[in-house]
Amino acid sequence: MTDNRKTGKALRLLLVSLLCAIAAWLGYAVLGLSLSHVGLGQLVGANLEASGVSHPVTAVLLNFRGYDTLLEMGVLLVALLGVWSLGGMPDYDESSPGPVLDILSRLLIPMLMLVAGYLLWVGAHAPGGAFQAGSVLGAAGVLMMLAGWRLDSRFAGLLLRVVMVSGLGVFVMVSTAMLLIGNGFLEFSPPMAGELILLIEAVATMSIGATLAALFLGSRPAVGPDK
Amino acid sequence: MTGDIVGIPWIVVLIVLPLTGGMACFLFPTISKSLGLIFALAIFTAVVGLGWQLVEQGAQRYAIGGWGASLGIDLYADGLSLLMLVTAALVGLGVSVYSGAYFSREKAKHFWPLWLLLWAALNALFLSADIFNLYVTLELLGLAAVALIALADGADALNSAMRYLLVSLLGSLFYLLGVALLYHSFGSLDIAILAQRMEPTPAVWSAVGLMSAGLLLKTALFPMHFWLPAAHACAPAPVSALLSALVVKASFYILLRLWLEVFALTDTSLGQLLGLLGATAVLWGGIQALRQTRLKLLIAYSTVAQLGYLFLAFPLGTNIAWKGACYMLLSHAIAKAAMFMAAGNILRFCGHDRIADLDRIAQRLPLTLTAFALAGVSIMGLPPSGGFIGKWLLLEASMSAGQWWWAVILILGGLLAAAYFFRVIGYAFTRAGLTHEVGVVPARMEWAALVLALAAILLGFISPAALELMGIGTPFGGERAG
Amino acid sequence: MSGVFLYALLGVGLFVLGLYALIIHAHLLRKILAINVMGTGVFLVLVALAAGNPDAPPDPVPHAMVITGIVVAVSATALALILMLKVSVATGKNHLSDSTRD
Amino acid sequence: MLHWAFDSLLGLSLLWLAWRALTSPDLFKAIVLFISFGLLMSLAWVRLGAPDVALAEAAIGAGLTGALLLAALARLESIGEAGRQKGSIGETGAHDR
Amino acid sequence: MNWETALPLLIVLSSLIPGLIIFFLAEKQVVARITLNMAAALIKLALVGVMLWGVFHGHHYEIRLPFLPGLDLVLRADPLSMLFVTLSASLWLATTVYAIGYLEDSPNRSRFFGFFSLCVTATVGLALAGNLLTFVLFYELLTLTTYPLVVHRGTEVARLAGRKYLIYTVGGGALLLLATVWLYTLAGTLEFTARGFLSGLDAVHYPALIIIFVLLIAGLGVKAALIPFHGWLPQAMVAPAPVSALLHAVAVVKAGAFGIVRVVYDVFGIEFAASLGVTLPLAILASATIIYGSLRALFQDDLKRRLAFSTVSQVSYIVLGVAVAGPIATIGGLVHLVHQGVQKITLFFCAGILAETLGIHKISEMNGVGRRMPWTMAAFTIGAFGMIGAPPLAGFISKWYLGLGALDAGQNWVIFILAASSLLNAAYFLPILYRAWFKAPPASWPDERSFGKRETAWALLAPAVITAALTLGLGLLASMPYSPLEWVRFITEQEYAP
Amino acid sequence: MSNIVNIFLLLLAPGLPLLLAIPALRRRVPWPAHLALLPTIVLLFLPGSFSVELPWILWGNAGMGIDTGARWWLAISVVIWAASASCLQTPDRRGAGNRLTTLFLLTLVGQIGGILATDMVSFFTFMTLMGYAFIGLLIDGGDEKTRRAGRIYLVLLILADIALFEALLIAARSTDDLGYEAVALAIPPSPSSALYLSMVIAGFALKAGFWPLHVWLPLAYGSARPAVALLLWVVPVGTGLFGAVRWLPLGELSAPIAGTLLQALGVAGILYALLFKVMRAQWKQLPAHTAIIAVGMFAMGLGTGLLDPAVWNQYGHLVPVFVAAVGLALAIMIAAFVWLEKREVFPSESDREALWLERWAKDIIRWGRRAGGDTLPELCALWLARWDSFWQAFTWQELFDAGEYLLQRWELAITLFLLLGMVSVALLWLDATSVL
């Protein structure tokens, strides 16, 4: 027993020293970076005009590197699918929330929705955007669920799935549509780029919000082995 | 007409199709089975289309959004990508056919969207020319794979899915840190541009180390294979097939790309290390496989061993060695998929997969056993299978490089593989002590496994063409490149 | 300028700290936390170095990358947490057990 | 100089929070510490001129992840209790605080 | 694709395709299976006949299939390959008839005959292989297709025997592969060329070449059952008798021996091999195997095991003939390839008949069996005397040329080996004959089956009698045109042409 | 025309008995054993020497023919064969009659073919057939003593065949044509002539029962059935002698050592038979000892021929006559004894005397057993007990117990001894030819 502990201690010591060495090396490597040639900042700035939005981060997220974002929507969808496949739809039996939360949620939820809308809209030229908006929306959903709100089972079928998928779906559709009208994939022509991005962002916000809320909900499986 | 076909941006189609398919299957679960098959066929066709395009026009670069690297993201397809895509398409088609009969209605509902999204991730990964984009695809792939493993009920499956998730995330983070370092060193994420700007600095070495470590973890190279056997053995049979055939290969592909293009290292001590690890994997995996009493675990350890082969090309670094490793990869993918499917059939038939109690499978499930045996032939590297071609090329490379010890490892690995596979086949002929209840195996599942196994054998006969296709865009450097 | 490296080093520190915690803790929830800390460390390295040039506005590309990364992280965390719960239900343990060997 | 001090302080608190979050014996405390870590982190993002990231971190990294973690912990504990009540599962690590 | 390209392929396909079809036949479709089997065997024989004629008249049959960069799969008919192909095709026919009789009413016949055909396919392919790569391919294929035949019975003993068989043969295959690759990296080609393709190599590579030679011989020696690689052969006797017959007479063992012939003549070239100094050790190894196999055979009571050790001994004659390195010895070695095949298959046929008809497996059970089954034992007697090398049977011819060749090459010690071997052969075969013919039969046989008036089923007896007659004919009419001996002379003239 | 008849008859002489040897073919033939002799008898009355080349057979230069020497020998053979065939027609006692006839006919084929053969290989072939068939004839239905004789003779025969095979190889190395005369001419200048001579002498000595290899003869004479006893001289002994004359390059070569050795053997044989056997007055053994004496005399003659070619050239042609005469005499003697025995003149006696060859072999086995079988296994058991099944297969005990037949055991002993002998001969020879 003591031997075990001793070897455990020795191993831990070894691990710590190893990790320290790694940290030191990484730190050395980071410090050795010369930051004189900055990344793509200038390039982004130069092409910002053509992107359809004025905020560089949004431009990168939805235009220059929109493909990353598209796949990222896919990641979200896969996470949701994974969660659902593990437990299926969550149970509806939940203890009622306390009165404070109830009141708080009544107050907070509309505000959060407003914030989300604002973030989405402002994203085109200032910090903000679909993900932030979506997550705020998601937070609203979480709050609602904490307050005991549940999705009506009538909407839990195809409609819900459509909402979940819509973010990715619209993104793919729009990008492919560009292909069909003669542009490249995901190539938004400047005149309509702004509108298209807004469309994508709007749908994405809704979808992200729903997905995040569903992820939260899905993390509450029924107790006991479910078959 | 030909021009039309060649003109289609197959690269994009290959990514959009499975994504759409995944979404469609998600939206319409009742018809997901047929949808899935249709999309599988469509993807297969698209791969053929891309292949045609590559043959006609050479390596393809596609700037998404029209921006082009390094502002935007480029897609790039050359022989190596094509190889991976074809691998995925062949295995994917097989798995799709097989899964149509394998899963219950309830499971199928979850399986199809996840599988098609996983396929999308694979295709995106094989076509990406951007190291951050590769990270996203890796994550997509990893999460989808985890969810698929967890489709199998039971504590073991969940356990291994969890472990796999952690490993996968960890590997991705290592990779991402490497990406961060590379980006800040050279200000670009595009592989080609990075390759141009490459210079050895501490940061680059750190990136090499981090990315390699992360990817090796995901590829399950010995000694980082600890998560693999359980995960691959516990998953549902078609998922095991996917994992062993494709998912681990994806991270290997990235490593290969980086190694071949970005890092283009002349100092091969790291390559020697990888080779050494690969050799150890071959032997260790083989010995472990030999010790297993359960079929699926045996196959999973066999994967550990086979992955080791792929790394034997690193210390050699010649064109022919890379091609050998890639051929090995291709044939292993197909053969291993067939083998896992066969194991799935056996599992369903016997209700267990204890090797010693296989109880005359040879008589009672001949097609499946044939599939297993044929796949085994390829894995053992016996002629005229695809595995043989890979092995031959690697052997040739190691002998001409004068590094005969790798040849010895290759040979020993083949012997070990023969030892563990024939153990199974031997028991398939004998009568077990106790008889078992017999489950029904749909013919479709048997044939899917058999056809894939046959494909693994036939790969041996198309190697000149295949090697030529692989060489489009010279991903492995010139013929004489040392 | 120096702040940049400070944060970058902090990122490295968080990364290694997370790694350490990931290795030594058996509890799955802690492992998930550790992974998240590691991720934050990596993001920090990415973003900190993007602000390298005090005269120019920071490079937006790493920012976008990090946002993507954060979303990926939360998706993975959600999946990991539910998987953890399922493991706990199935095995009664909240750490991984090695049961594949007969 | 002030920036320096602020950055250092922020950095040290982040490191300390992370350390505490990862080592605290009480899981609930650990999660709360992690949420605070996330919130402080968004401050750091702002300091680094990345308000977008800060927003995302606050909303997603700290907020949603925190909620997910807390919910998970709650379920974990109830699973542990259920297991104990059933008596079938003796060893449980849900309460290793 | 013209006739001359197609023929080698057709010969291979003529057993491959029927074999594959047979797998899918139901157990009950006896007639279809028999028809298919016989038709395939006859067609193959006919095709081989055509090719034999063609090769003799200087036609060049070759087909190439690109397989690896710079390496093709080549099927080519040269006189040497025709020797082996003809042997395989004819004995396949005989064995098929025999197997049909033997496996009457036993389970899994479709599987059996399927693999049986594949096994012959591999053998024929191996014979026609035009380069070492193709040879390796079919060599491995042979391993794979014979394994199911060895474990066919599905008993634990069969499984263990199969395992042993595999350990040896797969190991051998691995060595062969290694050597082949190495050779390829050194020489840049693997094409079988009369008198070898290595003599032009730089002397720096000679040590490597010697190692390669050793590896090749070890790899091939496993199948040829050279000591110390012979261990699998007696174990593999658990297989049904037709399999043993095929294994010993035609397929596996011969494949190894044939491979050694190829390596020595068409890879290294005999003169070059001799100049490397590798032939003498090979000859000594072969001699040791000859003596050892015979000594072990003396002490086996199990009939098939005794025959198996006899095979160990006899196959090495071929190797010896090759290793002695002279034209006459070559004739002896090569002709033994055929002669041993015919003789040994006769013996195995007879052993199978005894087991099947009377349930006799041991020599000690064979008292007086000649009275019960005169035809069978007559065939056995001819086969045994052939093995001993009594004139005018086939074995005598081989032994004659071996001895003469050894003298010719100045390796006089070889004739003592031959003498000792004859002696030992007599020592383990004659007691069997003595028992069978001159001892009183027991009151009842271990497990007798009745075949009415006949001593056994005609399908079993006919092949044995025919091969016994062949044993006599091949010896007595050795100088007839197209006889193996004449053909071997034809080969040797080419190999040693000035 | 006459030529075709000649050839036909030459082929038919061994061919007809061969055909009749197949039981199915003679089922309806009356008196098959006599019928088989018919072509040979006709052949005897054809005038002149003639021969036929047989293409395709063996390696092409086989042939058959008849000349004066052969005719003598053939004539006497036919007489004795006819007598024996008459004895054969006894009622079938043990159901073996059919097989006995087959063996009888096969022996006949071998003997007649051997006489008619014009080259060494054909002769060797026929002689082998004759030898093995004769052993079958000897032991078929015989008692224990006959079988013992048969077994001993079998071993001697195998050894003889090996020796003759070597001799053949040497001859073939010296000349392409293996006709007797060609060989006789080619051997003397050959460097291997000494080896050839020794091999031939050894071979035929073994076959014909030269002293001291005669042991089986008395046994066989003592116990074989009359039909076989009649053949004992003509078949194994006579053919051996006949062969020796043909194979040795008599008259072409002077070989003092071999000649002297042969003479010594001959004298020793004669003396042995006279002193130790005939003096004991075992009447029933008389033919055997007569045969030994005759063989001894023949050996003396051969020795003389080898010593002095000129003598042979002068008197060599008498040899067949001599052999024939002895054969006839012995046949008559046996016939007489058979007749006498039928009238129970001789008390039946069992010859319990142990044969030196067998005794010697048994001793070897006994020593080997004592050394290996008793001590080694104990040691093995002590040391290797753990390695049970694997090693046990290789212990000496196992090795000896596995061979359950006496025959097999002493063949092994002889084999080992012979191998030893061969090695020493080889060494001597290699030394002599200064290869080493």
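Each chain gets a letter, A, B, C, D, E and F, in the order it is written, and its residues are counted from 1.
Operating definition for what follows: a contact is a pair of C-beta atoms (placed from the backbone, for glycine too) under 8 Å apart; a residue touches a chain by one contact, two chains touch by 3 or more.
Not measured: the values here are computed from a predicted model.
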Most distant chain from subunit D, judged by the mean position of its C-alpha atoms: F
Pair exhibiting more inter-chain C-beta contacts, B-C or C-D: C-D
Taking each chain's C-alpha mean as its centre, the one farthest from subunit A: F
Gap in Å, rounded to a whole number, between the CA centres of subunit D and subunit B: 37
Cα-centroid distance, subunit A relative to subunit F, in whole angstrom: 104
Interchain centroid distance [CA atoms averaged], subunit C/subunit E, Å: 67
Multi-partner residues of subunit C (each touching 2 or more other chains): 4, 13, 15, 19-20, 32, 45, 49-50, 52, 57-58, 61-65, 67-68, 70-72, 74-76, 78-79, 81-86, 89-90
Where subunit D touches two or more other chains, by residue: 52, 56, 60, 64, 68, 71-72, 75, 79
Pairs of chains in contact (touch as defined earlier), listed by label: A-B, A-C, A-D, B-C, B-E, C-D, E-F
Interface residues, subunit A side, partner subunit B - complex: 25-26, 28-30, 32-33, 35, 37-40, 43-44, 47, 63-68, 71-72, 74-75, 77-79, 81-82, 84-86, 158, 161-162, 164-165, 168-169, 172, 175-176, 179, 183-188, 227
Interface residues, subunit D side, partner subunit A - complex: 51-52, 54-56, 59-60, 63-64, 67-68, 71-72, 75, 78-79, 82
Contacting residues of subunit B [partner subunit E, same complex]: 320, 360, 362-363, 366, 373, 377, 380, 382-384, 388-389, 391-393, 395-396, 399-400, 404, 407-408, 411, 414-415, 418-419, 422-423, 425-427, 429-431, 460-461, 463-464, 467
Subunit C residues within the subunit D interface of the complex: 2-4, 6-7, 10, 13-14, 17-18, 20-21, 25-27, 29-30, 32-34, 36-37, 40, 43-44, 47-48, 50-51, 57-58, 63-64, 66-67, 70-71, 73-74, 77-78, 81-82, 84-85, 88-89, 92-95
For the subunit C and subunit B complex, residues of the former touching the latter: 15, 19, 22, 28, 31-32, 35, 38-39, 41-42, 45-46, 49-50, 52, 61-62, 65, 68-69, 72, 75-76, 79-80, 83-84, 86-87, 90-91, 96-100, 102
